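One structure follows; several queries about it will come next.
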Amino acid sequence: MNEEYICRCEEVTRKEIQEAIDDGATTLAGVKRRTRAGMGLCQGRTCQRLVTQMLAKVEDPAEIKPPTSRPPVRAIKIGEIAEEEDE
Amino acid sequence: MKKNADAVVAGGGVIGTSIAYYLSKKGMEIILLEKDDLASGSSGACDIDIILQSKNPGIHLQLAMESAKMYKTLADELDFDIEYKATGGMILIENEDQLKVMKDFVRRQKEIGLEVKLLSLKEASKIQPGLSPHLVGATYSLLDAHVNPMRLCFAFSRAAKRLGAKVYLGTSVLDIRAENSKVKSVITNRGEIKTNIIINAAGVYAPFIGEMVGLSLPIKPRRGQIIVTESVPKLVMADVLCAKYIAAKYNPNILKESDNPETRLGVGLSLSQTRDGQILIGSTREFVGYNKNTTHEALHAIVNNAVRLVPALRNIHAIRSFAGLRPYTPDGLPLLGPVENVQGFIMAAGHEGDGIALSPVTGKIISDLITEGKTFMDVSELSPSRFGPLLGNENAV
Amino acid sequence: MKTTDIAVIGAGPAGLSCAVEAAKAGAKVTVLDENLKPGGQLFKQIHKFFGSREHRAGTRGFRIGRQLLEETERLGVEVLLDAAVYGIYEDRLIAFITNGKDHTLKAEKIVMATGASENALAFPGCTLPGVMGAGAAQTMINVNRVLPGQKIVMVGSGNVGLIVSYQLMQAGAGVVALIEAAPKIGGYGVHASKIRRAGVPIYISTTIKEVVGKEKVEEVITVELDEKWQQVKGTEKQFNADTVCLAVGLSPLTELAWMAGCEFTFIPALGGHVPIHDRNMETTLKGIYVAGDITGVEEASSAMEEGRLAGVACAESLGYYDEKQALELKNQIWGRLDALRTGPFGEGRFTAKLKQINARRQLA
Amino acid sequence: MTQKSGVIYQGFPSEEELSKIPGVPSKDRIQKGPVACIECVQEIPCNPCEEACPYGAITVGKPITNLPTLDEDKCIGCGTCIAACPGLAIFLLNVSGKKAEVSFPFEYYPLPNKGDEVDCVDREGSAVVKGKVLRIIKSPKYDATAVITVEVPAEYINIVRSIKRLGRSE
């Protein structure tokens, strides 16, 4: 029951997230640091809600805010933002 | 909350948790206070490198070498996977001027006993494919390694807790009470803790803790921005820096006036790949106070610097960026040890970008100093009083 | 660096409506969208919309999308597609990638109309191929014309779950069951009635216990829930299915608003943390507006009205409308928005939106 | 678990709910000739039916969430409202002797052919009786919503609301 993946990108299970919460994580960032949930390619777009639901059992949901959002919010190819290659 | 402790550690980063662990190991009753969460500051917003060759020959390199030794057995000792890996590390050299500097750097490092060598581009490319053909060579040391800094914090914290330490998260130090210039208690948002010793391991926030006992600490935040890529198959074989990084690190003044954004932002390459396959590309070195935003200018500067040196990065996707604040000191060395005038107030902050590398040795030194009054090597050079009297603050006790 | 009067992020119903309204007033508008086609979710909406004539009720969603696109073209709105905004920096600087190149756009006003994303649900087997979002399934059938499967279990009885079930059947699939964890159906009864008439059973107080399959979905096991949302042993049902569609709610896509530094308030009825905005849709940051699902999940008609409101307000703020003209237009829109937020389904959103706007007043 | 009845539990309106709303014609009216039956039991913001009726027999008014009211004297049973309802909730009922005609909106392909004998279903989708397809109206004005009329025994006039989807092997 607890083995299903909550964060698919980083393959983090419900059990691992519960352990992080038991370890003292009270924020999405705290869970992320302990488990990598939300660190993957989709940057938490899928798992953030699920982790929030789990955190809401110990925290006021109004206080569960997303981790700091920094560019890029979409995966961008490094070659697209780098200077052109010298020919 | 517990109301008294042999010592209170302020700060739940790699330095504070390490100190809490080593002190607990010596049988002391420790309380660690963290205003937010473990690794929520600089320790959770940095690269993963434990690089010896970037350290200036002297006490800095000696500390790093001692720490590197400790790292080898640390995961076993803490019984926690800290994702430590001895990958080796290289510093890329782009031109003859840099080569000259690095030759001298390597010579002096060797004198201290560091195993490091100079490689031709061809030799370097065998170890790390994908290097730009314009490079003239690289230095290389097998001793360089990396670790997951966040897991390191959790590992120290858990091990400390097993030894009886109390770790209070979401708990801020509001004030420090002293009588006759001796620490008596620490006031937190959750109550008062009686103790004779407080260790200031608050990193960039250490000056605020210092102020509580009237100290004016010469630590200021220096922002480092880092870009994270998607997970990709092993691409970064060794932890990679560039010689410009060494220049940016030790000669901040030469960077200030430049028109080139890369130079102005103090960009030096730091490249490493985590166990999960994400590549961290760093970094800037900027003085912008406590501002942790990332900037568009830096994104470009970091990326341009990185693809110039390692063109293979072009086809990989960046998925986020972050900025961390490094606790800068004027001489690039941490403040370790007691301060004059306030008995029981111990400094352990100011590691700038070397906190991860120096975390174990810092914990060992501080615990030695507190329990035995001395440590295995002479660290008087790192005494906070090397900057002269730190008083001059109205909160002086 | 490109400059524009108004940059609209998102070419869905809210973004396009905003662009049309602002361009009508004479403003220079640039719309950015990361997709290859504009319209957001509109082109998936093959059903007739609810609402009144002003809301283009009775018209199928994709036709509304076409009308909006024609209008943007006629009014000279610049619509940049395949343009993924990846950052918003100080001074309203937008960074985006298009045609494989990095660009920046500096705008006097930014309207974020980024919409919402589908919520996930985790259960044993949730990573098996064949488990997908209902919105994703809707894109497959109505945009790409591919059936996700033949035997579908739909999870969630909100309007999305009900409408997509119906459309899956229109596309030729069978829906073997629709399950809902709550003790009642969440969406409109008329939508539920349509799929009941087509023979789809709806099970309330029921959730997925497990999805079983070797390499893809083969079987879905459901279980009933008691009043405390706990699974009741012995109430399992087994369905032979090849696809599970999840319609378990939407969350506002707010990363850009967080990044820009907008202040948020927490309103569960709107999908969680939503950016605070005033009656003109302006956030706590001057010159940055929001419209549509990013402000709280509603439906396409309200999104379009909010977009129009933001468009009028931006145009007014840039001097393209005087106060009187703008007020007249805004009064009409406010009236229509209020109408959409009445009745048992709308009242909750009306109260929630009021709370959101009051949060702005309290800050001011 | 005993199933509670009502649209929010079962997904279709109960007899009781239908008996209370202003869109359903009286039994007397049904006997007098074709008439619309608006099975709209929830106050949702929607009013295209009001505008669709050329005889002014349907009123929603303000607020827009009012339930549609059928003026059964004004309704002549033209059926224009059927395809106008985005909720597909309007039907046309016509009884004569032992036969009844039920017209309903239908948006599945394939469509039946005139004269076909088809399985007629109730509000739960159960096939309750066979019926004969009398008419299929596909008007551009209806925007792809077909309006189908089936003939069923008179006692099914308040039961039959659609037909089974065709071309499916269950």
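Each chain gets a letter, A, B, C and D, in the order it is written, and its residues are counted from 1.
One rule holds for everything that comes next: contacts are C-beta pairs under 8 Å (C-beta built on N, C-alpha and C of every residue); 3 or more make two chains touch, one makes a residue touch a chain.
Not measured: the values here are computed from a predicted model.
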From the Cα centroids, identify the chain that ends up most central relative to all protein Cα atoms. A
If you tally C-beta contacts across B-C and across C-D, the winner is C-D
Separation of chain B from chain C, taking each centre as the mean of its C-alpha atoms, in whole Å: 44
Approximate Å spacing (C-alpha centroids) for the pair chain B, chain D: 73
Where chain C and chain D are represented by their mean Cα positions, the distance between them in whole Å: 30
For chain A paired with chain D, centre-to-centre distance based on mean C-alpha positions, whole Å: 49
Sequence positions of chain A contacting 2 or more other chains: 68, 70-72, 76-77, 81
In chain B, what residues contact two or more other chains? 293, 296, 299-300
Who touches whom among the chains? A-B, A-C, B-C, C-D
Footprint of chain C on chain B - complex, ascending: 293, 295-296, 299-300
In the complex, chain A residues that touch chain B: 10, 23-27, 29-30, 33-34, 36, 39-41, 43, 68, 70-72, 75-79, 81-83, 85
Which of the residues in chain A come into contact with chain C in the complex? 1, 3-6, 8, 14, 45-47, 49-50, 52, 61-62, 65-66, 68-74, 76-77, 80-81
Can you tell me which positions in chain C touch chain A when the two form their complex? 34, 84-89, 95, 97, 100-102, 117, 119-127, 251, 254-256, 258-259, 264, 266, 268, 272-273
Which residues of chain C touch chain B in their complex? 87, 89-90, 93, 95, 102, 104
